[in-house]
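Everything on this sheet refers to the single structure shown next.
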Amino acid sequence: MGERFDKGLAVRKQVLGEAPVAQRVSSAQGELNADLQQYLTEFAWGDIWSRRQLSLRDRSLATIAMLAAQNRPTELKTHIGGAINNGMTMEEVAEVFLHAAVYCGFPAAMTCMRLAREVAAAREGAPG
Amino acid sequence: MGERFDKGLAVRKQVLGEAPVAQRVSSAQGELNADLQQYLTEFAWGDIWSRRQLSLRDRSLATIAMLAAQNRPTELKTHIGGAINNGMTMEEVAEVFLHAAVYCGFPAAMTCMRLAREVAAAREGAPG
Amino acid sequence: MGERFDKGLAVRKQVLGEAPVAQRVSSAQGELNADLQQYLTEFAWGDIWSRRQLSLRDRSLATIAMLAAQNRPTELKTHIGGAINNGMTMEEVAEVFLHAAVYCGFPAAMTCMRLAREVAAAREGAPG
Amino acid sequence: MGERFDKGLAVRKQVLGEAPVAQRVSSAQGELNADLQQYLTEFAWGDIWSRRQLSLRDRSLATIAMLAAQNRPTELKTHIGGAINNGMTMEEVAEVFLHAAVYCGFPAAMTCMRLAREVAAAREGAPG
Amino acid sequence: MGERFDKGLAVRKQVLGEAPVAQRVSSAQGELNADLQQYLTEFAWGDIWSRRQLSLRDRSLATIAMLAAQNRPTELKTHIGGAINNGMTMEEVAEVFLHAAVYCGFPAAMTCMRLAREVAAAREGAPG
Amino acid sequence: MGERFDKGLAVRKQVLGEAPVAQRVSSAQGELNADLQQYLTEFAWGDIWSRRQLSLRDRSLATIAMLAAQNRPTELKTHIGGAINNGMTMEEVAEVFLHAAVYCGFPAAMTCMRLAREVAAAREGAPG
């Protein structure tokens, strides 16, 4: 679809995994959200995540911190996986959510910690 | 006031600067917010910021990301300064706010960028 | 119950459908939320939605935009249906959520788009 | 303007003070927000604040807690004054904001505490 | 684990019930959120909830008001139960959520009312 | 800078005015937020605002509704002006904020109404 899309799709797959990204992009074709998926890949991933001013690990850390503050569980679970792929340990991810108790309150921290446990359990249960 | 307070005060001064922290703590004595200042030092700084599971730079990055999402300008300006003290460059701080355009929307990103410029201008104008 | 209630109930049924509104109002009788349902009908629908300064389509557009920004999935699904009844196409509804990527961030846009697809699928599956 | 308006205006003046409420209502006449002021008096004060299921002090406590969580400084300052008029001490108001450190995070608590100090200072400086 | 933990655990059990608190604390051991549970008990319950400047009923009222404004359903259901244990009636809890229609909007009020009905139904169905 | 930038700059100037947009873009050069201004023009205006699936008036209506819900005063004032340029009357803008009383609460509605009055006063005071 063009250079920005291709560059964005490559970073998006690197961070979130080849299979789930391919599935989301293809299932969106002909659908209401096809254009949203395209802008997401081009702008969010092709323009912003591709910039070199922050490492991918720094971007993952900023992303899960922003999603923790905003109360967005589906996207947070996706990006917990992305943070692990970008070099954070699950203990560091959990530590970000503990840190959120100070800046967003304990309810936010506890919601995020539940999601982190679900992601950790799903990854342990997955075949090697 | 105890070990947690002392440890917290040390980290708080390391991150936010000796003079402004001393000023805030002392001006709070006998005031409505004296207890809040004490819990802030003991819990936020003595318990959480003092943990070694994340670097101080990582904690600053998480903090400004959470404050950007929450629309808290006064605290964000304080922690932009803290992020610089913890090893981030002003360009990296600005990049976090650019990243926020994707996850919190452009109005959040633009508000934060204005605050970053104010902090940058104040630091350039300060005596060496 | 009075003129404001009657006027509000009529607009509410026009926008959200006869059967679901009748069901919600009657099931609330004798319950904790009976008074809330009455105020909702009188104030939200009888006072505000009944005003002529904006068309019903404009009010639906404002409503789904506000609910998208606030992360309120149950009410958003109700009002996606209301927007269709007030003359928006499903493509226009989806376009509002694409627009939300700019002003509320991509996570908000993606959450809303999922809900729009659910409403669209439910309406297609419903008997004619 | 009717029974609900009169009842609401009486409660509103009881809680927020005779002079400031009279000023706000009269200055709104012929203005953009005249209708908003009317609905505020009729619905918020005439319908809801006038109900006897919670004491006025309980309603003030709930109001400042909700405004603390929402980051609405102008309305929060108005309702800190209302809480004092409804029987809370300034120390109890400050304690609600300390409590907010747990449920909304320290930045919310610190912002609210600053506003409480401003209201306390203004009241001390006012003629007896 | 120390005096703050013991004091906090006692208040936490008094408000939220012996069995559920014991279950949450023990199930967290060795897990990602063990430290979060400890800070929650020490700081939120041992430091803040244990203070005498507000009654337990006032703290419950402030807590459900803050959680209503923040859209945190899991924690809100927990604290609806706590509010009942601290002397609020279910009708008073529902009245707080009706009050939220004024300060947080009707969608917030309706979401909270649904949760209150679920808690009320669960308590009625529980063995005596 | 490319086709998307040029198209976006044209729409942005059409909606927000030639002079203020030129000023913002040029003052950002060589500054921290130069890249943010570029993405704003390319993505927000060149990609999204340029789409034909919603009229410019509909996009302005959605934008002020989203900003009202999010509590973003600076951007809201900018887009109140944009809404007028896109064919809304000031009375319709105020009606959107009255509508916000239902969906976001009265504090949000009152904050927005104050901003609308400021914009209206500034426009009346401006030379013809």
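Each chain gets a letter, A, B, C, D, E and F, in the order it is written, and its residues are counted from 1.
As a convention for this text, a residue touches a chain if its C-beta (ideal position, glycine included) is under 8 Å from a C-beta of that chain, and two chains touch if they have at least 3 such contacts.
Model, not experiment: these values are computed from the prediction.
Of all chains in the assembly, those touching chain C and also chain F are A, B, D, E.
Greatest Cα centroid separation from chain B: this falls to C. Taking only C-alpha atoms, you rotate chain B by 120 degrees to land it on chain D; that is to the nearest 5. The greater number of contacting C-beta pairs, out of the two interfaces B-C and A-E, is seen for A-E. Averaging Cα coordinates per chain places chain B and chain F 31 Å apart.
Chain A and chain D have Cα centroids separated by 41 Å.
Chain geometry summary: the mean Cα position of chain A and that of chain F are 30 Å apart.
In chain F, the residues touching two or more other chains are 39, 43-44, 48, 67, 70-71, 91, 98, 100-108. Viewed as a contact network, the protein chains are fully connected, with every chain touching every other.
In the complex of the two chains, the chain C residues touching chain F come out as 43-44, 48, 51, 53-54, 58-59, 61-63, 65-70, 91-92, 95-96, 98-104.
Residues 100-108 of chain A touch chain D in their complex. Within the complex, the chain A residues that touch chain F are 39, 43, 47-48.
Partner chain A is touched in their complex by these residues of chain E: 31-33, 35-36, 39-40, 44, 67, 70-72, 74-75.
Across the complex, chain B is touched by residues 71, 90-91, 94, 97-98, 101, 105-111, 113-114, 116-117, 120 of chain D.
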